[in-house]
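Listed next: structures, encoded as structure tokens.
What follows is chain A paired twice: with chain B in the first complex and chain C in the second.
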Partner chain A sequence: MTECLFSAMLAQLPLAAVDWHGLFFLLFAAIACGAAVMVVLTDNVVRMALHLVLSLGATAGLFFLAGSEFVGAMQLMIYVGGTLVLLVFGVMLTAQTQLVALKTPAGDKVLAGILGAALFAVLVQSAVSIEAWRRPGLAEVAAPTATPLGMALVGVRVDAGDSESDRRPPSGYLLPFEIVSVHLLVVLVGAAYLARAKRRRTPRTVELVASVESSQPSRVDAGASESASSVLVETGR
Partner chain B sequence: MMLIATGTVSVAHYLVVGAIMFTAGIVCMAVKRNALGVLMGIELVLNGANLNFVAFGSSYLAGEGRPPLGLDGEVMALFVILLAAAEAAVALAITLNFYNNHATVDVDRADDLRG
Partner chain C sequence: MAEFLIETIGLPGWLAWTTVAGVSAFLILNLIAGGALVFIWAERKIAARIQDRLGPTRTGGRFGWLQSLADGIKLLAKEDLMPDGADGLLFRIAPYVSFCASFCAFIALPFAFDVVGLRLNVGVFFVVAVLGLEVFGVILAGYASASKWSLFGAMREAAQVVSYEVPLGMCVVVPVMLAGSMDLVTIGEKQAGWFTNWFIFHDPFTFVIFWVYYTCAVASVNRAPFDLAEAESELVAGFHTEYSGLRWSFFFMAEYGSMFLVSVLAAVLFLGGWNGPVPVASLLGWSDGTAVTAPYAVRLVGCANLMGKATLGVLVMMWIRWTLPRLRIDQVMTTCLKYCTPIAALMFAGVMLWQLFLPGGLLPGSRSQAAAVREAWLEGEADGAPVPEASVGFVPAAGRQVVGVSR
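Then we have the complex of A and B:
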């Protein structure tokens, strides 16, 4: 009975007249832009990270709405799931009370606001000045792009048409793909090398090492005592 | 609201959203004193540029004829996402190194090389 009533009420609503694509575009665009502006406006670094997650997630929604579902999925998995988790870890590792909310001088804020407004005016003017870009899309549902993307990354373009201009030499992305792969490997090795756990040069470490040495002189091997003495030399310098 | 009634999402709409994110990222990079805040600004800038790539490559948003970039736009967006991940890893490592050595993440305090 209630289902009947519900469906009857649903039929009364003019749902067919609503352009869902435009509605969801407005929703995701509002979230993306609002969260991006909030990242700038807030001083608390933890809230900045939260707003950044919102903004990048809404951007993934915009990618889906543009018909490139593979890039949207990668945005969610790599950006929101990987890069931002990395950033949040950085926030947590450095979150001391006086570092969480570093205030910016008011003069810098005003200057940056003027700079941002000028840059925004230029960008928007150039975005809406070209007539072809303002033409509404045909909104044709294209085929899924995951297969053409994967073929392009191994060097075969299956999306190119048969016209004469498309018969130029194959313009796949095999070499850039390999370069990016090696680049990613080198970068991650370098990041691990840069961020490796080093001995902190603080007096507390020296005290700890000294107490260990004095309490258990027989168990400390030569290497440990040598490193401890080097720590003492470094801090005493 | 006109957008809902007429259903006319075009490339320019995506460009405006990308411009807002790009500008927010630039201002974020310029204003924040926390090194991680500067990193977040970089992420916003890369995403604004990515949005433009996807918009130009989308056949859904294109009018008559093929989209200006086609599949190239999506491949570029994928490369940008990958390189942003690499950049974030290295920048975070540098930030942690700086924090280990100086016990702060305030970029204004990183002036050891000042002549």
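Then we have the complex of A and C:
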């Protein structure tokens, strides 16, 4: 009895009327947009990276909120995790004095503003023009798992309609998947080649550099980035 | 649990969900903090014994069992310093970034059948993705400290990350392939029964790949012999040279939390999860073999099982730390990229071929579940009909509802 009274009292609270989904959507969206703006406005490269992580992480939060956990985890793994570690790595290795405090020329600002506005206009136009996206609160659909996507990637479409009505069974994503893989391989090979072509080194030198780094860290103060990058380059080869 | 609150007690939905989320977060937080206390004490005792010392003996009477608590109080009272040249904002938030990443990964980690903060159907993927974020805190700390030792630690950490992440990902994929699901609860459930069902004993390749996983896991939590980012004999204290007091202890909570996390993940992926070596519950008839109907006591025992396995994993990490010397950065890269990655790739191919040609295992009659999955799959394809998800061994939507009813 008391429980019922308690719950009835709770139901009277205005909190129950709050649209929690919408609230969290706004929260994540605000974080994503705000951090994205901060990326542009900050001078310091590492702080930019932090804001970028925040923005991408909030986007992952939006994906989780939408119930697409796979895409959300993908976002975390690829963008927030991988790209940012590499970005920070690259930035700190290449950071000279002019990169630590970035100053954008006025001309670049105007150009970037025009480009950004144009892109925004295109996005807004396409978002508004799609009929199905206009209605808020689409009907509840059965939450799909990552399974159909995974099956489609290996060439089996379990999510497509019954195969009797179609003449040809719907094809999976095996070919695009492979093409993307080959692209990535080409990029990797190219990157390794570019990184390697800069200077000639025998493997012996690299070992020396590495041992210098580990035994006498104080000496490498100025050349920290140098030695670390050369180790990477050699391994990349 | 939220359904239970809504249907039985009659709480409104938002309150029920908030309560459940709060309880889960509270439990996980205490698990990390309490686990760190126990493990730090254990580490001191183990290190001492390995070095023929006694370790802490006095605090709290015998065995110095209150030593961690005393350390904690000392850390709370310590002055919090920040170097002059430090980047204030980044310096302050770096420990919390590390800790939050470790904490977030725990959310998707199951401790027994359905005892999980949030059951994601891509659980493995989520845990690995979030675990990678912990590194970001270390790199931020190293950069923001305005100290060359810290920066060195951060650079080494960054170099280490790119080397261990590849083999780690490959190792994690193998149990996913065997179970046919990325849901950690499903992966654990597929290994129910006798210990021969554990994925580590599935075939010789998985046995090898477990050790590759463990090596990469040790590297991913920055423990010796992979503790280059810290390297207290070379870099003072590496990335946390400039930290003191509570912020420093946050780094350590994150480290011990991550150690426990990768050990739990190892247990779930390879060591049978919450299933004991002998299926006592079903032998006694308490459970009919399907965990969905298992009583809560069985789940509690499963939870203890998993904790035991994970604690064993952590203890082995400590043993390794006090046994092996630290590797150089080029040796770390050699280990991870030249040895672990090819081994993991070979074993991955081996497991795949094993699944194709010897799905029943070497012994006749011991038809594994993976074989059943594959056969169901082949039958479905022969019929020409789109294979229903349930027969392919993935977690179907219906399975989730069953779980919901049982709660």
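By definition in this document, the second predicted complex is superposed on the first by the 141 of 237 C-alpha atoms of A that agree within 3 Å, B and C clash if a C-alpha of one lies under 4 Å from a C-alpha of the other, contacts with A are read in each partner's own complex, and residues count from 1 in each chain.
Everything that follows uses one rule, which is that a residue touches a chain if its C-beta (ideal position, glycine included) is under 8 Å from a C-beta of that chain, and two chains touch if they have at least 3 such contacts.
Note that the coordinates shown come from a computational prediction; the quantities given were computed from them, not determined experimentally.
Chemist: A:I114 contacts which: chain B (first), chain C (second), both, neither?
Modeler: Neither partner.
Chemist: Looking at A:L174, would you say it contacts chain B, chain C, both, or neither? Reply first, second, both or neither.
Modeler: neither
Chemist: Between chain B and chain C, pick out the one touching the greater number of residues of chain A.
Modeler: Of chain B and chain C, B contacts more residues of chain A.
Chemist: Is A:G81 touching anything from chain B or chain C once the two structures are fitted on A? First, second, both or neither.
Modeler: Only chain C is touched by A:G81; chain B is not.
Chemist: Touch test for A:A152: chain B only (first), chain C only (second), both, or neither?
Modeler: In the superposition, A:A152 contacts chain B only.
Chemist: Identify the partner contact of A:L26: answer first if only chain B is touched, second if only chain C is, both if each is, neither if none is.
Modeler: first
Chemist: In the superposed arrangement, which partner chain does A:V37 touch: chain B (first), chain C (second), both, or neither?
Modeler: Only chain B; A:V37 stays clear of chain C.
Chemist: First (chain B), second (chain C), both or neither: which does A:V189 touch?
Modeler: neither
Chemist: Answer with first, second, both or neither: which of chain B and chain C does A:F70 touch in the superposed model?
Modeler: In the superposition, A:F70 contacts both chain B and chain C.
Chemist: Enumerate the residues of chain A that count as touching chain B in its complex and touching chain C in the other.
Modeler: Residues 18, 70, 74, 82, 84, 86, 89, 93, 142, 145, 157, which sit in both footprints.
Chemist: Give every residue of chain B touching chain A within the complex, in rising order.
Modeler: Touch residues, chain B against chain A: 3-17, 19-28, 30-34, 36-37, 39-41, 43-44, 47, 50-51, 54-55, 57-64, 66, 70-71, 73-75, 77-79, 81-90, 92-97, 99-100, 104-106.
Chemist: Could you please specify the touching residues of chain C with respect to chain A in the complex?
Modeler: 9-12, 14-15, 87, 89-90, 120-122, 125-126, 128-130, 132-133, 135-136, 139-140, 143-144, 148-149, 151-152, 154-156, 158-159, 161-163, 165, 182, 234-235, 328-330, 333, 337, 384-387, 389, 392, 394-395, 397
Chemist: Please give the residue numbers of chain A that touch chain B in the complex, ascending.
Modeler: Going through chain A, the ones touching chain B are 18-19, 21-23, 25-26, 29, 32-33, 36-37, 39-40, 45, 48-49, 52, 55-56, 59, 62-63, 65-68, 70-71, 74-75, 78-79, 82-84, 86-87, 89-91, 93-94, 99, 102-104, 108-109, 111-113, 115-116, 119-120, 123-124, 127-128, 130, 132-142, 145, 148-149, 152-153, 157, 159, 161, 173, 176, 180, 183-184, 187-188, 190-192, 194-195, 198, 200.
Chemist: Of all residues in chain A, which touch chain C in the complex?
Modeler: 3-4, 7, 10-11, 15-16, 18, 20, 44, 46-47, 50, 53, 69-70, 72-74, 76-77, 80-82, 84-86, 88-89, 92-93, 142-143, 145-147, 156-158, 160, 162-163, 206-207, 210-211, 213-214, 217-218, 221, 224-225, 228, 231-232, 235
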